[in-house]
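Chain naming follows the written order as A, B and C, and within any one chain the residues start at number 1.
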Amino acid sequence: MMNDLVSPEVLEQVKGWVPYVEAKLGFRNHWYPLCLASEIVEQKPIARKLLGENILLNRIDGTVFCIKDRCLHRGVRFSADLQCHTKNTVTCWYHGWTYRWDTGKLVDILTNPQSVQIGRHNIRAYPVQEAKGIIFVYMGDREPTPLEQDVPPGFLDEDRVIFGKHRMVNSNWRIGAENGFDGGHVYIHRNSVLVEGNDIALPLGFAPGKGKENFRAEIGDEGPTGVWDLLGEHSVPVFAASIEGEEDIMRGHMGSKRVAHTISIWLPGVLRVDPWPDTNTTQYEWYVPVSETEHIYFQTLGKVCETEAETKEWEVAFHEKWVPMALEGFNNDDLKARLETQPFYEDDRGWLNEILYEPDRCIIEWRRVASKHNRGIQSREHL
Amino acid sequence: MMNDLVSPEVLEQVKGWVPYVEAKLGFRNHWYPLCLASEIVEQKPIARKLLGENILLNRIDGTVFCIKDRCLHRGVRFSADLQCHTKNTVTCWYHGWTYRWDTGKLVDILTNPQSVQIGRHNIRAYPVQEAKGIIFVYMGDREPTPLEQDVPPGFLDEDRVIFGKHRMVNSNWRIGAENGFDGGHVYIHRNSVLVEGNDIALPLGFAPGKGKENFRAEIGDEGPTGVWDLLGEHSVPVFAASIEGEEDIMRGHMGSKRVAHTISIWLPGVLRVDPWPDTNTTQYEWYVPVSETEHIYFQTLGKVCETEAETKEWEVAFHEKWVPMALEGFNNDDLKARLETQPFYEDDRGWLNEILYEPDRCIIEWRRVASKHNRGIQSREHL
Amino acid sequence: MMNDLVSPEVLEQVKGWVPYVEAKLGFRNHWYPLCLASEIVEQKPIARKLLGENILLNRIDGTVFCIKDRCLHRGVRFSADLQCHTKNTVTCWYHGWTYRWDTGKLVDILTNPQSVQIGRHNIRAYPVQEAKGIIFVYMGDREPTPLEQDVPPGFLDEDRVIFGKHRMVNSNWRIGAENGFDGGHVYIHRNSVLVEGNDIALPLGFAPGKGKENFRAEIGDEGPTGVWDLLGEHSVPVFAASIEGEEDIMRGHMGSKRVAHTISIWLPGVLRVDPWPDTNTTQYEWYVPVSETEHIYFQTLGKVCETEAETKEWEVAFHEKWVPMALEGFNNDDLKARLETQPFYEDDRGWLNEILYEPDRCIIEWRRVASKHNRGIQSREHL
């Protein structure tokens, strides 16, 4: 009940990345994408869950606001019977406690207009920012950092046009992040529709160089903090497999297009694959913590467009080609991998019992960097 | 497993009403209504759960008996395959252990008639009393108190004719009790079919007077123990709401009938609303603990009837008018409120995190009175 | 999470058979029957769970192998997408880690053929033995004991022909074992189709002799370890029941065939009833731990056959007569008893709260013998 999210027995055995193991509900005081901007329309509040917290979003005169979806009084969700009697407030259906969307301040109680509680309390109101057609929420209590520090390099570039989609996946967010950043898992995609469809070169795996050559941490000053996987530079791609000396068990795909030169992962949990899935596009994808066993898989593709015609063409290609072939056709393999990995880590003992190998060095670095540079651990106290 | 029902971390932070928080499965050594008398017919045992215990009721020569529905030997429920080979006994289907309905004594073991265990053990047999057409069970180990001490004042008056109904609700019993006794929640009923249908005056809420004026504890000597809510006397009913200065957001209903002058709650968890739902009737309703997350909502209405014709008329009105309009039409709003409140209190942290306001003072008094004057806490050891 | 399977509070109150109470997932380092030999066909791996562990079986050139169904790397089940690229190996679908079926050795990693991990690690490979048409798996880490030490006396006799069937039952394995070995539970079978159908003598129960006469432990040196129930010799069968002096409440069946002279139970949890269900057949049945709340009920019947014609006849009788009349008709009563007993023991408090009687003395001896002579307790660390 009052226990933390991870048992002390596990934590005392973890080496090197205790905060990461503790962050079962994600890192606090970071920006997370929640949905597309188009999903939040004027005066139509929607309820969501993020980092284990029920939240409520609304657009008022064009600006999006986000508050905790739980009345201070008796803990019920406003969204169970949504009542907005004035433009700037939401009223709890149970006893009429009324809060402002912008500040979260308790401004009136309809069932007792003279209550001393009025004006004394606030529900949490979380900063919201729209960028690239996406709603970002700052799940934190501090003054929010600039959004640039929580998205991959280049994502916010002015001429980069972003389109995206999102869905719920039934695994912890870290299982998603490590699945994405994991160079070795390319193996599961070897028969993907994308490989033939876009004629890309896709090896079965990578024989990495030695130690630290394979990754590089980048600690953000004005930009984001993350880890670059340098497998592409410092490893030999594996295009043929043998088992116990029996050769040519299977082969990777020697396509004409070289993609995915650089893969990197950034706090609070967003991957950048460049170029991907084509030679002039970049994939940015978030693994947004929802509950201990769920994350939002928020996939976006970006492309530099210089004219409106280019932008239009890119939008059509995104929806008609890249969603079915890449974001679904290719990445659906990853969903299955996350679901299958989840049980091993669900009671946190996977962090102790796993046996990693060379291509996982960049994942270990990611755990270390995330442990050291996150801005807080989401805990039960925040729920 | 052997833990108590509430974590020690929560209990040490609770101020003023620890026993109430502990009483997740209710208070022991009290009378509870279980069902209508007509539901228990001669020699047709029925199985129920109360305060977390599986129990079995039977009517023998007109008298109702109640025993624990679990064999002492291997813990199986008699009701899984009910065997009553003689009028006064029930025999366990597994090994033939046979108990008397009246005392619970183990009187024979069919598979080993010479066993030393025979005559040595008793299953719990709980006292039963029929009153006002309702079966009351005394869930306790002591000599039972008079029923009068566990029902609201007036309920047993000779000329008061009671009719009732009951159903299961998926919340803890205390959520039910506090929802019922809560003066401020009148707000959720403002559009109820009863308001127009019976033309009652129903405000949006109450601006209470100061402190102790608003409630009065009554510690029973020969009668019951409970708390009177004096909001009706010492508060100003709120009939119009404003938000941030914007007036007339909504209005209460200025009906012609004044009802609900006095509201009171009594151990072990029964509300009295008088008069209600009409000017000459009284509602008595119990929130009977079943499991940690379930209670029986046992609603009754009483009316003084002096002739048989009056009684007949009242019976028809109860079923045809007041059940659909009040016990369902009006009180179904409360069911939703209980379901929505349950998650906040389910891990017991709601008791720490709630923020109460003036109309809740009588609820706080109820928690204190219940903590001090209950006759025992139901615990795992009783299950 | 890292807790053991049983709470320390319970264990410190248990007297005399703590290891038995701890063995919620069974005893380690014993042989268990898993399925019929015919169910495992050449190069068609099947996934099962035993003692809480996911395992994978395969037949290669006629020999059956068993490995843990979980990759060392990221803990996923091979069986989620089975890949056997060479005859002697299984390859994990996620990163191509490849293991030998016979030793469990990690022999190759397709995504990084130079990994230092290759050759360094083994998944658990469990010894398998086929006997009497049944696949036995040795769930242990030590050098396996001879199979004879884990099956009832006579089971492996050369001229004894065994047929069997198995199914999953939703109770802990110990509930199954005690239900089978329990002399008093004959009561539930009194109206079984087998009683009339095979005209057997079946009392309602047994009035046992004194103390130690009723059972005899046998601690195996070369053979198995178990307990003989001597109720048949030292007790008076009960053929008529009375309740509170009212006689002839019911009667047992005085059939012409005397069966079940000797009943015995053996580590790691297998019952022998002889003769049963006919005067020249023996029933051997296992309660194989699967999870905390599931066991495989593995029923077999054996008969000495001297010619091939006899064997054929026995096979037909097994399937056409004894499965419907005995293994299902009679023993299905037991399934119900196990399901009903499970909740009482599920949180382990049943071991403290049960009240046993004289016919249970042999069960107590079984608990003691099993506690003292088992070869290990399956724990979370093995999962």
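Keep in mind that, in the parts below, a contact is a pair of C-beta atoms (placed from the backbone, for glycine too) under 8 Å apart; a residue touches a chain by one contact, two chains touch by 3 or more.
Keep in mind that this is a model prediction, so the values were computed, not measured.
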{"item": "Copies subunit A and subunit C - rotation angle from C-alpha fit, nearest 5 degrees", "value": "120"}
{"item": "Self-contact between copies subunit B and subunit C, residue sets same or different by half", "value": "different"}
{"item": "Subunit B and subunit C: spacing of chain centres that average the CA atoms, whole Å", "value": "47"}
{"item": "Set of subunit A residues in contact with two or more other chains", "value": "none"}
{"item": "Residues of subunit C that touch subunit A when the two form their complex", "value": "1-2, 70, 72-77, 80-81, 85-86, 88-89, 91, 93-96, 98, 100, 107-117, 121"}
{"item": "Interface residues, subunit A side, partner subunit C - complex", "value": "7, 9-10, 182, 184-188, 204-208, 238, 241-244, 246, 249-250, 336-337, 340-341, 343-345, 347-350, 353-359"}
